[in-house]
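Pasting a structure below so you can have a look.
Chain lettering (A, B, C and D) follows the sequence in which the chains are written, and residue indices restart at 1 in each chain.
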Amino acid sequence: MTATLQAPPLGGLLDDIVGKHRPRREAGSVPGNIPFLAEIPFDRFGIAVATTSGEVFSSGDAHVPFSIQSISKVFTLAMALQGGKAGALWQRVLREPSGTSFNSLVQLEVEHGIPRNPFINAGALVVTDHLMEEAPDAATQLLRFVTEQAGNGPEDTLPGPFIDEAAAASELARSSRNLALAHFLKDFGNLRRPAEAVVESYVRQCSIMMSCVELATAGLFLARDGQGARGSVLSPSEAKRIGSIMLTCGMYDAAGEFAYRVGLPGKSGVGGGILVIVPGKCTICVWSPRLDAKGNSLAGTAALAELSDLTGWSVF
Amino acid sequence: MTATLQAPPLGGLLDDIVGKHRPRREAGSVPGNIPFLAEIPFDRFGIAVATTSGEVFSSGDAHVPFSIQSISKVFTLAMALQGGKAGALWQRVLREPSGTSFNSLVQLEVEHGIPRNPFINAGALVVTDHLMEEAPDAATQLLRFVTEQAGNGPEDTLPGPFIDEAAAASELARSSRNLALAHFLKDFGNLRRPAEAVVESYVRQCSIMMSCVELATAGLFLARDGQGARGSVLSPSEAKRIGSIMLTCGMYDAAGEFAYRVGLPGKSGVGGGILVIVPGKCTICVWSPRLDAKGNSLAGTAALAELSDLTGWSVF
Amino acid sequence: MTATLQAPPLGGLLDDIVGKHRPRREAGSVPGNIPFLAEIPFDRFGIAVATTSGEVFSSGDAHVPFSIQSISKVFTLAMALQGGKAGALWQRVLREPSGTSFNSLVQLEVEHGIPRNPFINAGALVVTDHLMEEAPDAATQLLRFVTEQAGNGPEDTLPGPFIDEAAAASELARSSRNLALAHFLKDFGNLRRPAEAVVESYVRQCSIMMSCVELATAGLFLARDGQGARGSVLSPSEAKRIGSIMLTCGMYDAAGEFAYRVGLPGKSGVGGGILVIVPGKCTICVWSPRLDAKGNSLAGTAALAELSDLTGWSVF
Amino acid sequence: MTATLQAPPLGGLLDDIVGKHRPRREAGSVPGNIPFLAEIPFDRFGIAVATTSGEVFSSGDAHVPFSIQSISKVFTLAMALQGGKAGALWQRVLREPSGTSFNSLVQLEVEHGIPRNPFINAGALVVTDHLMEEAPDAATQLLRFVTEQAGNGPEDTLPGPFIDEAAAASELARSSRNLALAHFLKDFGNLRRPAEAVVESYVRQCSIMMSCVELATAGLFLARDGQGARGSVLSPSEAKRIGSIMLTCGMYDAAGEFAYRVGLPGKSGVGGGILVIVPGKCTICVWSPRLDAKGNSLAGTAALAELSDLTGWSVF
């Protein structure tokens, strides 16, 4: 347990959840195309809650950095919506659930190169391409953004977010599907930068390493009407809208099931992390590396369902 | 304006919205396969808000009965989840957004006869089939349910909900698509009653006539943790879960857009009505007959977006 | 062996083929939705060759009647093209291979109710609907057509083609998929008669019982420039064109493989029969009840491949 | 007119066809992604017939080199089947008509990276990858093959087949769709060489320039049981099988229509050429640059339909 001492109820709750949901035996799968993710011990489990009033509660492996993978899409989307550039982006990507796998090319063909939402891979490539117009090195720009939002006190001796370049290089060598998506987008005229450059930036974004505490803290602006660590990140309405996209599209092809069981906007990554927003109250980040059939953290999803039940946190 | 006098702000707001959003010229479309819906004057517009504290505000044509069409799916789902029968139902229908048209057969074929959610037509046919096991006349049972929930005081001289049997017969004669869906479900072993009987019941459910005031009142249990006009309708968690399905799947293929613009769980019907839940606060029902390209009320959607902006009502 | 004595080579060849390809042990599948087809002994195997010069060679169970199932589609197509009515039909059905399963609804949805060819079920339903305009009892009309073409000599004591009404009734009770297709076609405006009536007629057509000898003889007009048992059935060009549709679309989703291995126009049925045309030379009918994964007779396809190799019969 | 004088009927026929089918006004389309093809005068029209007995008849622009584009796929397939390497290839590509557009990614996703046939782009990329295992410069190898087969007499002052490298470079710069297909194949493990190298080779193969006379002559081995200009190219059965694939898959999504109207195995290219096989008799090559909606030469298809009618050439 870190942070404040004056909140035993939530702190104890997180400890209980770690005790109950930390995997005791190997179960679930690991992403086939990212070897280093398969090597992480199956029993890693961390959880952190960052409140809008500035407290951070955590338990388990909440300070261990892990690969944020697709959780990065929440932050790149936020960056893309800053400064009134949203209009141009929404010409190039929709905001609807996809109903198909996160890396499917079928939908893209049927809808003539307009990705269904910014959280499927094709949509994230368009967001990256959009960011690269102003900042060619979008991955470094993202790293700067999350580092600023994650903040750190003077006593903090942790390294802070960083890009695992070796992991990125390894993943890049297995990026055929994303390259296919990028070239396909280009064929439809929905990619401006070279396909290879966009995929490389995207893969480096996914290879950012952060802990549960850092991710929960970095995402706080979404629970706080757009107010980040050092001032406004987004307008209140844009912040709310990212929440709506997380709720309808954030959990791959299990968004409906997650909304049903947990009732909160969330975004998962195949690194085993899930970032959840409780509007006005807090953010939650849970991490456990083994995945269910849809690609979402097995233990993480179960833990969030229980936390939602116990606290009553739900947008419905 | 009806109901309480002590709440001029909301009452005035609804009047303003009627003044601004009631269509002044013909725009939008009408459903091609339901002739009588095409005959309703384009400038009809009503809105009602029913609060969890028992007040009802309304303006415009809020007392005019209209065809609830797919809004019926919210109530049949609630009925199907009563009494602990949910488990059997969720074996037969998923809870995921569909990403395809509401009456598409493609998804059903790809997923071997398991509809993606209870709000696409295939899913609603399965829910109807489920209800018919205990009550063969599911449409009349639904009428009784909404009448009980809509309630009415002693001074109420309105007719209350009723089935427009002539409209149902006319729609039934044009039900080839729904018959195709029903036979297809049967082929996959996911329909127990005869396909024709299930479609007939479904069409009669859709042909129930209710006003904005009646619909908003009847749906109040969804904003009130499952508590209806005469006691508990659903457990709090089941009520919340219907809200989550409305948010992710309630607006045909525009659920994501509606979540983005309005930020509230809603369910629309091709009769031009939309029922919206503001959890813990109120329900809203808006009605205007002309539809956008996705089949949702054109003026109704715009009015709800403005109401959400003005009041700050949003789950995000 | 029947027919002529003066052709030992072909007669002996057929005997060899029966000896080699008649199944010795149970393998392959039976159609799940037609129970009586599952009861036919797996080791039934018959083959017949009818030459354009009037000879008939046969071996094995070549006189045993079996359910012609989809082979009926060749004859209903021929009937529909008689008398210059082709133009109207080709407005309602295409002539392209489908690339999907024979009873898929996906293609129909994508192409707005126009079946890809007359040999997938949706296409055959349209052909049946087309025939019913002039002859409401299309199945009986088809029976008359094949009986006339199959002919029979004075010594012939065989019953001739007949409809197995009990089998038809049993299959009709399991026709949900075909009813779905028919209602779907109706929804697109591509069916004039009631969906139920068209499906009933179609199922009765499929339930016609014929032997290999009868089918080979009945199909001779396709190898003889349209000249049938009692004069012209089709113009030479229409006869050739049916051959082209058989070659590209006649073997369900294995038309390409069959063209590759056998090199001749063929049409199979789930009853285990395959009718093949050798233009200008002869017709071949083979029958063995067990099916491969695509729904074509397992032993029958192998036998035809060998016969094609040994005789050099191939259109290529 | 070239070649023999003793065959006025066929020679006159070709002159008549040129007179009748050479476009008089601009109609049809040009491929959007290959600019130089759009610049070719719309009224170009050539036709050549090469007989199995060694004669060549031709008329119109039959000696003008044009871009063979997808006709190259016939020759690369033949090369891939030489020397008994067929088995390995048919593990990686099917032989079924696709039912979808020639450059669709949908089928590839549904069938897990196994292209439906060697004539859709994905299939041709696999064939190219297969060839590159033995000859990394597959395009030059193809050029050598067609040059050898096209032959040329001592009096021949024509340049012979050549690669238009400028055109190839221009097309390569617009190859996003093919790059998407290649990376997608790689993702499924069905491409061994780098995606970029395979696409480059494929584009150079398509950029080979040949005349009608050269193409008809080069393809003669397919009408002559595999016997080419200098001995056996393929076994008789492999030659026949290429014919079967041309008939079922050779004309993009209009293979069925072409089989119906023309009744002969053919392969078209977006350069406006069509190569047709009349088994045992001759080959035909027609060229006219403007295309129909399916990507096949508009005037060329019409000319072939008439030639088939007038000569009776048809495999059916």
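Everything below uses one rule, namely that a residue touches a chain if its C-beta (ideal position, glycine included) is under 8 Å from a C-beta of that chain, and two chains touch if they have at least 3 such contacts.
By chain, UniProt protein names: A, B, C, D = Glutaminase.
Just so it is clear, the structure is predicted and the values come from calculations on it, not from any experiment.
Considering every other chain in turn, none proves to be in contact with both subunit A (Glutaminase) and subunit B (Glutaminase). Subunit C (Glutaminase) and subunit D (Glutaminase) have Cα centroids separated by 33 Å.
Inter-chain centre distance (subunit B (Glutaminase) to subunit C (Glutaminase), centres taken as mean C-alpha positions): 49 Å. Centroids built from CA atoms put subunit D (Glutaminase) at 57 Å from subunit B (Glutaminase).
Among the residues of subunit D (Glutaminase), none is found touching two or more other chains. If you sketch which chains touch which, the chains form one closed loop in which each chain touches exactly two neighbours. Contacting chain pairs (ordered by label): A-B, A-D, B-C, C-D. Residues of subunit D (Glutaminase) touching subunit A (Glutaminase) in their complex: 104-106, 108-110, 176-177, 179-184, 186-187, 195.
Remark: subunit A (Glutaminase) residues 94-100, 107, 116-117, 237, 239-241, 243-245, 247-249, 253-257, 259-260, 263, 265, 277, 279, 309, 314-316 touch subunit B (Glutaminase) in the complex.
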